[in-house]
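Given below, in the form of structure tokens, are the structures.
After this come two complexes, each holding subunit A, first together with subunit B and then together with subunit C.
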Partner chain A sequence: MSALPRLSTVLLAAITTLVAVLLYSPLFVPIVSSFFTISHGDVDWSSPTLSTYVALAENHDILAALRTTLIVGVCTVILSVVSGTLLALYYHGRRSGRSVLQFIIFLPFLMPPIISGLALLIFFREIHLERSLLTVIIGHTVFVLAIVYRTVLTRLQSMSRTLVEASYDLGATGWQTFWRIILPNLSSAMVGGAILAFALSFDETMITILVTGTQSTLPVRLWAMMRLGFSPDINALVALILMFTVLLCVLAARFLIPRQVATERT
Partner chain B sequence: MQPAERRLSLLVTVLAFALPVLFVLVPLAIFLGYSFFSVDQGTIVYGLSLGNYVRFFTDPIFLPVFWNTIVLCISVAIICILLAYPAAYFLTTLEGRWRYALLMLLLVPLLMSYVIKIYAIRSILGLNGFLNKALVAVGILQQPSTLFVFNMNAILLTLTLLLIPFAILPIFLSLERIPQVLLRASDDLGASGLQTFLRITLPLSLPGVASAASFVFVLAIGDFLTPQMVGGISGFTFGRILYSQFGTAYNWPFGAALSVALAVVVIAAILIGERFGRNRGTSI
Partner chain C sequence: MNQNTDLLTLRSVSKSYGTVPVLHDIDLSIRDGEFLTVLGPSGSGKTTVLRLIGGLEPLTSGEIRLDGQDIGHMPINRRPFNTVFQDYALFPHLTVSGNVGYGLSVRHVPRKEIVRRVAEALELVQLGRFADRFPAQLSGGQRQRVALARALICQPRLILLDEPLAALDLELRRQMQEFLKSIQREIKTTFLFVTHDQEEAIGMADRICVMEAGHIRQLGTPHDLYYKPNCEFVARFFGENNLVAGQLGMVQGELRSIETALGRLICSISGQPHLKAAPDGASAYAAFRPEALHLADTQDTDNRFSGTIADLAFAGSSTVATIAAGVDSAAQRLRLRVPSRVDGSALKSGETVSLSFAPHEGHLVLA
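Entry: the complex of A and B
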């Protein structure tokens, strides 16, 4: 595409810049206001402050919601990684019934969350399961399972069959092969899937609103607060969360990029 | 196999089938079943009828909102693609490292809390927001306007801003897959840059555009949070009507029927995206 005329290159670069500005403007607002005071749409650049961060440390309501989110996230990760890996191992190399069950696993991810959430809400009511953190964790696990399953299955499919055969030839039992050969080869895909699952669970809002009991996770708490407007310390929280999620993303990329590629680079 | 292993493999088989069926299929089946029930004085009547569906198609309220929401989400998809296509194209003109760095840069906003983004966008679009200030400063508007708060415009703009990255990625991937030899051949045969773009690049990238449209549409039409937060009273979308059946209106069976209607549109959009999103003939 070297023959691209100069004018069109400039135009394309301008549109790309516009898109970047559009995408980053909603991130910019809370981050700037975490350090500066904004009134009536004007930023007071003269007096940077960390007071919002201090206020955040004293906002027990938000910190409790953050703790709930972390508990839900960790439980979701454990449940989805264990069951997603088991499902991937089970369906790998098995043709019968795989496409149907794979479709079922993907349904909650494809359907609008409002539908998945309402279906679970009615389901929990029918089986008389009181809405609580447990129902939230089940909801999140069902939602993120497809991602973990897909990540692990992809790794399994790219894994050389000869590794397993060699292990059996050398006299290892099924268990030994699983623990010493298959699992170590899957571990980075499992970690990558776990990070993605955590990130999705961390920001899941709609399903959580529908199936949560009295305890609310951070996005649900923010959602409830939004009607009244946010206190300034929320901006500090947002800035911190953004840093944290970018970090998670970098970590996930590290674990999900195949090893050959990583070693080629270094 | 040893007995212990056999027991384990039986357990795994049972789990592999039971988990998805119990927690995904059964809830959806019950939900579908609910759409045939009805409500009488605040209690759910477990008798089968098509009443909810008849009401959906005959009541003058629901079909227009349904249709307007579909049009709204198609508009969101079109605007997203109009912005995302040039950006994705620009990325493919860059070399190696820059290309992926910029792609990451355009995808990172997806990681930011959805609720916070909606809130921030609402403040940007508001009466004292940045958009109004900019328009007044440039001279397009005489005074700040409420054109962008608590109405359909607000929903349209907010959804667009939230969903652009979902359009960039599939378009970028399909553009990147176009073999460079085709473009060089076209150049060698004397085609101008524009001709090459219109006859080679654009047709070969259409599958990516179809996937992008399908992604954005499905995410937009399934969203309840955005219209609820920026739509006000006049921005009434199907998702909000659906949700109200489980809150203030308290008619779960009717809400279930509305969800079925939503699911039908979503599945249709996914299938269309899938059908036209397949790459044909890019390999030589």
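Entry: the complex of A and C
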């Protein structure tokens, strides 16, 4: 670092700041304006207020949407963590069909959501599954699976092979090794993956719109509200979703830092 | 415990990874209660021997017999052996006592007994105070001792140690060598210790098995290996040595002559019947240690030759001189080790000196 000439260090810092400001500053507009009332198309800066948040809490449509989002999120997390972990274990076991499996897992995550959504929609129609919360949950699980799978697999691959050997060497059976050695060492990766999966499910809009029945999740509700113009409660809702998502990501990051590194620092 | 009975026997054990052979027809007997070191350079197959015995790798062919029963295909978790891994392989999510007690708890030993035996084992490795720490909070030497306690708590018939000291610094390594040796005496369990460090092997082992390229080259006490190496590889690998090529000559009792570029040398063949039996004129090496070589005085009549001191290196307690010897001065480089003195060595670089070694301190190896 010290080898870098002073001018270029300053320049680099300036560019980095500029990029960060350009990328993230629009997010502050709804957050700030959610604390003020708008009258006659103008923000009234004189009186900060929480009234939009109070209004939001009394909006039954939004509360129902929030409930739906939470149900979908929790179910998606459970399904994706269980299946993602199993798939990662299968892949790590060096069995056949590994690359095909990995490709299939990543496909829905990498494809544009509209393609994944349409594919799911057609699939559900073909097997005569009514569009409902269930189809939304399945859609979300397929979408976020790659994240959980990748997180768990990375941890598995960084785990020393001798841990498993040591467990067998000390007389443990395969099941004992799995429950007492492998799973505890994966748990923080699984929690981290679960939080990321929940955050993704919480935000997911495109696939949800395509496969949902009559119920709408929070982002879908938000999207519907925006068609009628920007109302103050949209600002409040955006601010809340943003806060929640950032919180989840910070949490996930904490779980994904390997424990060993964390304890060695103390 | 009787050091003369065999605990474990390997019979024509071979191992290949795919088409690449790593062990060729190994025969090895491990005696009950001994400290056996498997010594060899990297790639010699020494770790593979350990992994085959521990059951971490499947056998390609051959037998591993314990109490006369072939256990070559017994699953790893049913073998009465425990391993100390090179990277220790401590379970990061368990405390020191969780790690040490693991082998008992997977066998459903009652909790009370686990607590008691863990405390005993930690006492033995002097880690009683650290029972509630996690591995990440321990130093390298402490982790090493946890790994040892974890291996010996199940009272295995044999403890396998895979270069366990490689990651430690020199001072700590010396301490751990003494420590391991004393533990082994105390619990009277057979140790199979794998290392590439010959100094480590000499210091700890009852017997050493030298391996090279998937073969066992020699098995014997450190003293035997040092003074009676049976081949060029062992003679060169095991400690510093001077090897001078030549042709075998006459046998005179326990001595035999060899014609070399340094003239006729006389070396001991005591206890090595194959050297007595070798035909006259057979290619061989005269081998003598740097500390056996000395400046000749008038009484030295045998094994006397002259050389020029090419280099002097101070090595603390001793000084090592590199000597160019022989008819054509560049033909042979020898090493001479003499005790260091505060006022400097009597040797001077560039000086021509007369050298000698006693016949009983020289030995022969067939080329």
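Please note the rule applied: the second predicted complex is superposed on the first by the 236 of 266 C-alpha atoms of A that agree within 3 Å, B and C clash if a C-alpha of one lies under 4 Å from a C-alpha of the other, contacts with A are read in each partner's own complex, and residues count from 1 in each chain.
By definition in this document, contacts are C-beta pairs under 8 Å (C-beta built on N, C-alpha and C of every residue); 3 or more make two chains touch, one makes a residue touch a chain.
Keep in mind the model is a prediction, meaning the values are calculated, not measured.
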item: Partner chain in contact with A:228 - subunit B first, subunit C second, else both or neither; value: neither
item: Between subunit B and subunit C, more extensive residue contact with subunit A; value: B
item: Subunit B versus subunit C as contact partner of A:126, first or second or both or neither; value: first
item: Partner chain(s) touched by A:87 [first = subunit B, second = subunit C, both, neither]; value: first
item: Which of subunit B and subunit C A:219 touches, first, second, both or neither; value: first
item: Touching partner for A:16 - first (subunit B), second (subunit C), both, neither; value: first
item: First, second, both or neither for A:170, with subunit B first and subunit C second; value: second
item: First (subunit B), second (subunit C), both or neither touched by A:26; value: first
item: Contacting residues of subunit A [partner subunit C, same complex]; value: 160, 162-163, 165-173, 176, 180-181, 184-185, 259-260, 263-264
item: Contacting residues of subunit C [partner subunit A, same complex]; value: 54-56, 75-78, 81-83, 85-87, 89, 91-93, 102-103, 106-107, 134, 136-137, 150, 154
item: Contact set on subunit B toward subunit A in their complex; value: 1, 5, 12-13, 15-17, 19-21, 23-28, 30-31, 34, 83-84, 86-87, 89-93, 102, 105-106, 108-109, 111-121, 123-124, 128-130, 133, 161, 164-165, 168, 183, 187, 193, 196, 218, 221-225, 229, 239, 242-243, 246, 252, 255-256, 259, 262-263, 266, 270
item: For the subunit A and subunit B complex, residues of the former touching the latter; value: 1, 3-5, 8-9, 11-13, 15-16, 18-20, 22-27, 29-30, 40-41, 83, 86-87, 89-91, 97, 101, 104-105, 107-108, 110-115, 118-123, 126, 138, 141-142, 145, 174-175, 199, 203, 205-206, 210, 218-219, 222-223, 226, 230, 234, 238, 241-242, 245-246, 248-249
